[in-house]
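What follows is a set of structures to go through.
Each of the next two complexes has subunit A plus one other chain: subunit B in the first, subunit C in the second.
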Partner chain A sequence: MTGTLIRKEFREFLRDRRFLVLFALMLVLLSAASLDGWNRARSDAAARAHAAASDREIWVEQGENNPHGAAHFARYAFRPTPSLAAFDPGVFDFAGAAVWLEAHTQNPAALRRAEDAAIATPFPTLSAAWVIQVIGTLALTVLLFQAVAGERERGTLRALAATGLSAGHFVAGKTGAVLLVVGGLCILIFLAVLLPGAMSGDLDAGAMRIATLAASYLCALTGFALIVVAISARSRSQSAAFVLAIGFWVSVSVILPVIGGQLAASLHPDIDEQELKNAIQLEAQSPFWSGDAREPAVAAYEAEVLEEFGAARFEDLGFDREALVLQAHEEFANEVYDRLYGELYARHEAQDRVLRYLAIASPVLALQRLSSGLAETDLTAQLRFTRQAEAHRRRIIEQLNRDMMMNAGESGYAYTADRTLWEQIPDFQAEPVSTLEILERYRIEILALLAWLLAGFILAIHLSGRAMKQERL
Partner chain B sequence: MLHADRATKRYGTVTALDALNLRVEPGETVCLLGANGAGKTTTLNLFLGFAEPDEGAVRVDGIDPAREPEKARRLIAYIPENVALYPALTGLENLAYFDRLSGHSQPPARLRELLVEAGLAEDQISRPVGGYSKGMRQKVGLAIAFAKEARILLLDEPMSGLDPKAASDFTARLKTFSAAGCAVLMATHDIFRAKECASRIGIMKSGTLVETIASAGVDANRIEQIYLDHMHADAVS
Partner chain C sequence: MLRFHLAREFNALWRPAPRLAALALYAALIAWSVTDGVSWHRHAESVLAGAPADLLTDRSEWMADLESAEAGEEISPYAARPMSLTFLAALPPGPLAALAGRNEAMQPHTALISGWRSEVSLFQRYEVEGPVALGAGRLDLAFVVVAVLPLLVLLLSFDVLSRDREAGRFRLFLIQGGRAGQTLIARLIAVALPAFAIPAIAILVAALLLDAPVPATRVWIAGLAIYTAFWSAVAALVAVSFRQVSTGALAAVTVWALLVVVVPSTVRFTAEALYPLPSRVSYLTEARLAEGATRRNLAERAEIFMAEHPDEADAPDEAVPGFYRASYLANVDINTRTRGLVDAFEGQQARQRGLVGALQFLSPAIMLNQVLQASAGTGPARSADFRRQARAHLDVVLDAIGPATVGRNRLTVEEARRIPEFAFTEPAIPLSGLIAMIWMLVLAAGGKLLALRRAQRLN
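Showing the complex of A and B:
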């Protein structure tokens, strides 16, 4: 019985020109977005790999230099391009691609991919994820708003009731058809989007990551579709169902994500960049170089060195005091950076929390956040990169300062090191994050999606069943 | 088989059906005649479980359709005045769909036969119903009802929109149904068709069954006269 209902629904979908037009439109958009995404990801990854190699070459080939001079000569940490950025760029284009790793200063990530975009581009990058999240949910709205309201208005709901069909079978048929359509679309979508990357070898995400991503989309789109069916069952007419369903789509796909971003920024405003630079100068540089913070900072670091080398006096070690002072400043400034950047990151995380809790009210926002999280193109991935880059900066600057401290002797700034030291300075390597870590971070969004799915099932079943039972004069 | 015992149905302050007593036994065809709003469709809705009597009782082969609508409906084939079909599906596909929902799975050849017997031309069978006229849709509705092989037929103006030949074929078909032991209850405005196929004719007015006539031995003109007398009764008084 249910199979008969599902086959009929599916046959109607296939004969519905709107379905075919929307399906074709989706495929065209997805193909265009997918090809563009993979091309951009490929060229971006190549550009970053080339830049990283050049940086390494320039660093190693700098010739003889004072290690602290080399620390100012500096290196870059380039954020690797996650392969799933081709599918869901998230905030990747708007986040800095590289951090300049220099002595004394923690720099913010710079060189945003969006800066290279054509000025005439009126919209953000067209991505496969955006097409599914926004156009896909619109397509489901247009296809399903009349699922039950149409039957009622056409009189076929009454005709079905007159056959003795139970409400349970009717609901099973409707929801089964929705699952079939959404499931089929998801499979096609993922084939259309991921196959080009898999075939070209650009897709390096693990099977678990891709399966989780696919499951997230299936869960979100099914929940959304069932809510539209429930709206259709609740509405007295097709026109009312259309207005309500479109209202639902606009609310969860457009208004909440846009307002959410603005709300987050107004509740937790960003720290002004110039204000941050001034704070760094006033708190991390001036107090040490021209204030009274220098002596205690040097004394503290000196005590660490003496303990490490088991000496009573620094002079007994034969080390360079200038280098000690330089590293003492690093230790002093690092605490300030931890505080200042900590505040900045805390604001970003507070903004992120606002969106997280708003995502409970929107399955599309929850999907957007989980999707960019799994693609490692979210704010969290960017913060992870900047933190890892800063940790790397501290390691290599300390390595250079300590080389000078231990080897300069009386030469001070006249001491030079060569390629042997430069080659010992490691390149920046981003530490990978596991899918489980991402899922743990996005547990609220996952719970929200599951809750929407469950609510969709309950509402669609209850309201469709009630519509069937209420088919009375 | 169809029993209404003082069945009363009100919609707000309007009494759509007032203490209806009606019995339709196997092999019997009863036609309900009456103006719009006389209570004919309400009577059918009570038997279908689409409406519940406020007073009295309604039974379909002993089943209360208000309590067990699905069980009662499985015994009934119903043709409304405007047959509702799926416009994207062909006539054959619509018939196959409703046939399966009724618990049958008749082969396509048999379903085609049913559509042709209902008066649909061969070349129309495989066209989407969206392009059908009202009469063609009614014919598909007839085929759906016939395919169900139900013991009870409830018909609400089933010949509305049918061409004369199809209406005549339908009347003949009805007779074979009642001859086979089916109980048929039909609401209609068509006195002559009612006379032709009914064993009894009930005249309804303002929710009340005002007279029941055994159609044998009474000609259509006489039935029309009785009907018009009832309709004019209020105006005269």
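Showing the complex of A and C:
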């Protein structure tokens, strides 16, 4: 019985020109967005790879130089473009692409792609993920708002109730058809994600990542669809169902994500750039170079060096004291940077947390967050990159300072090194993250999606059943 | 008669709870967006007012030192050096930026101009804003008007006739002497009036609070009125064209999705795909290559520069640090080497804007968005103008201080006085905005007339 009902409902969908029009529109938008996404991601990845290679070349070919002079000329760490950024750019374009790894100073990531936008439109540029999250849910709203309210207004619900059809079968028929529709959308997702990337060989995401992504979309879209069916069952007329369903869509897909970002920035305002620069100058530079922090910091680092080399006096080692002071400053400043940047990143994470908890109120926001997490285009991936880049900066600056300390002898800043040293300085390599780690981080969003799915099922079954009962009376 | 219909429709239309809730949500969004916008505007003004004075050169002090040096008095070798002249380039918030500043936090509003800067480092900011909040953008009034207003108008008026037709009441209404056209107009006005009045009041309040110029406020109110009229005409056409509520609903949402979401996003996507911008990362790479080359061949590079400026004697003042000359030359070389990329970047941006300007007539949302941003003094075009003007000012400063810096001299007092301060020149509001508004008005009037003719046939 249920199978017959599902087939009937699905056949009605297929006969409905509205369904075909929406399906075709989605397909066109998804294909265009996906192709463009892969194209952009590929050219972005190529530019970053070229920049990283050029950075190495510029570094190695700098000629003879004092190691500390070289540390000021410095290197860059470029964030690799994750392949799934083609599908879901998340906040990738709003986050810096490169970190300058200079001596004395920790720098925030710079070069945000979003700054290049020449055109302002009310909604962002198309991406496959956005089309599914926003346009896909709108299509579901339009297709399903009359699922029960339409039957009731046309009088067919009463006829169905009169045939003795149970509420369970009726709901199963409606929801089964919905699941088929959503399943079709999920196949589109696979096509959008896999085909262009697989054809060009750019897709390097694992099967588990793709499967998790598809399951997230299936779960979120089904939950959303069932809520619309529930709204339809609750409404007295098609008009009321339409107003409520569109209101629900606008709230969870359009308004909440924007208001969430604004609320996050209001609750946890960004640190002013000048304020951070001043703090760095006043806390990481001045106390050491012109204040009284220098002496204890140098003494502490000197003790470390003496212990390492088993010497009683620094002078016995024949090392350069200027370089010791430079590294002592790094050790001193690193603690300050851990605190200042710790506060900055804690603030960014607090902003992110606001959206995390708001995602409980919106299946679309929960999906957006989980999707960008799986695509590694979220804040967490960006912070991981900046932390790895800073750890790399500290490693290479120490390497340069120690070379000067151990080899400069009496020459001090007149000492120069050559490409033998430059070649020993490692390139920045971003460390990958596993899908399980991502899922662990996004457990609230996953729970929110499952809760919406469950609530959708319960509400759709309960309210549709009630509508059937009312018609029987 | 129309007044009677209007009074009746106002009562009837706004009684159902879902409609009132939709209107309340709309009003709340507008109140939120304007309150937040005004506070952002004031914050932006206070940030500019508190520009980092310690980073700027005190011109009078610097000139006094220079005059002393020119008079032959002994001053510090670091005093009144051309490289220490620093100017502030500031982009003040536009007159109604509070209402259309969705992505303004992303753009630079200040730049420090001096010989220590190249075009690449001119706008290199400490990018400390949280990407999540930046990505979401601010909910400004322009977004609410462009995206939410049409949805509200359509949502509340797509079924003004079909709900009666589907329920069989419409025939009865006509038999009793009712007229479809009058009912249609009355019901549309009942919806459009609050949809227009709430943001219009918000605009006036914001304009008063920010002391915005009257012409910009007029443009906003006129744009809002024409846009509301356009969507009211679309709602009228949907109302008279579809007998069934469900089909009318689909038509209304499809028109909204196409004109507000799909067409603008597709136009932008097409412009960005057809005219891709050179990557910022490539820009940085070119700058690094130029800097590396200059520093490796500094002596030779300085000799070439001095050969081009034979009037400046080289090395009269050995106390001048060598990195003054090195940094200056590296910055000049960076500018020369990256000029092609910058030109290509600006050229592609201009082509993207040109394409959007040509295709804007396909979507009233693009047309209104462009007009509102231009009159509010926000948007990427104004920001691009600021960057261009700041870069031009940097060129002026670099040209003025170059020979003296490389020759390890000071400027003369006369030369120093000729270097101007930076002043941002507001770009003219493009004429295409006016054409777009007229086009939208024509569409609105045509749509309304067509709908009325069809409504008369229903009689």
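By our rule, the second predicted complex is superposed on the first by the 463 of 473 C-alpha atoms of A that agree within 3 Å, B and C clash if a C-alpha of one lies under 4 Å from a C-alpha of the other, contacts with A are read in each partner's own complex, and residues count from 1 in each chain.
Note that in this section a residue touches a chain if its C-beta (ideal position, glycine included) is under 8 Å from a C-beta of that chain, and two chains touch if they have at least 3 such contacts.
Source: prediction; values computed, not measured.
Asker: Quick one: is A:Arg158 in contact with subunit B, with subunit C, with both, or with neither? Answer first, second, both or neither.
Answerer: In the superposition, A:Arg158 touches subunit B alone.
Asker: Quick one: is A:Arg402 in contact with subunit B, with subunit C, with both, or with neither? Answer first, second, both or neither.
Answerer: In the superposition, A:Arg402 contacts neither subunit B nor subunit C.
Asker: Using the touch definition from the top, say if A:Pro257 reaches subunit B (first), subunit C (second), both or neither.
Answerer: Once the two structures are laid over each other on A, A:Pro257 reaches subunit C alone.
Asker: Which partner chains sit in contact with A:Arg394 here, subunit B, subunit C, both or neither? Use first/second/both/neither.
Answerer: So A:Arg394 meets neither subunit B nor subunit C here.
Asker: So, A:Glu273: does it touch subunit B (first), subunit C (second), both, or neither?
Answerer: In the superposition, A:Glu273 contacts subunit C only.
Asker: Which of the two, subunit B or subunit C, is in touch with more residues of subunit A?
Answerer: C
Asker: Once the shared chain is lined up, is A:Arg466 touching subunit B (first), subunit C (second), both, or neither of them?
Answerer: Neither partner.
Asker: Touch check for A:Arg42: first (subunit B), second (subunit C), both, or neither?
Answerer: In the superposition, A:Arg42 contacts neither subunit B nor subunit C.
Asker: Once the shared chain is lined up, is A:Arg294 touching subunit B (first), subunit C (second), both, or neither of them?
Answerer: neither
Asker: On the A-aligned overlay, A:Lys8 touches which partner chain: subunit B = first, subunit C = second, or both, or neither?
Answerer: first
Asker: Note which residues of subunit A are touching subunit B in the complex, please.
Answerer: Per the stated touch rule, the residues are 1, 4-5, 8, 11-12, 15-16, 154-156, 158-166, 471-473.
Asker: Can you tell me which positions in subunit B touch subunit A when the two form their complex?
Answerer: Residues of subunit B touching subunit A: 11, 41-42, 45, 48-52, 69-74, 76, 78, 80, 82-89, 93, 97-98, 100-102, 128, 148.
Asker: Quick one: which bits of subunit A touch subunit C in the complex? Just the residue numbers, please.
Answerer: So the residues of subunit A in touch with subunit C come to 18, 21, 25, 29, 32-33, 36, 39-40, 43-44, 47-48, 50-51, 54-55, 58, 61-63, 73, 76, 78, 90-91, 93-98, 107-126, 134-135, 138, 141-142, 145-146, 150, 153, 237-240, 242-244, 246-247, 250-251, 254-255, 257-262, 264-266, 268, 270-274, 276-277, 344, 347-348, 351-352, 355, 379, 382.
Asker: In the complex, go through subunit C and note every residue touching subunit A.
Answerer: Against subunit A, subunit C makes touches at 16, 18-19, 21-22, 25, 29, 32, 36, 47, 52, 102-103, 106-107, 124-139, 143, 146-148, 151, 155-156, 158-159, 163, 166, 245-247, 249-250, 253-254, 257, 260-262, 264-269, 271-273, 276-277, 279-282, 284-285, 288-289, 291-292, 295-296, 345, 348-350, 352-353, 356, 365-366, 369, 373, 379-381, 384.
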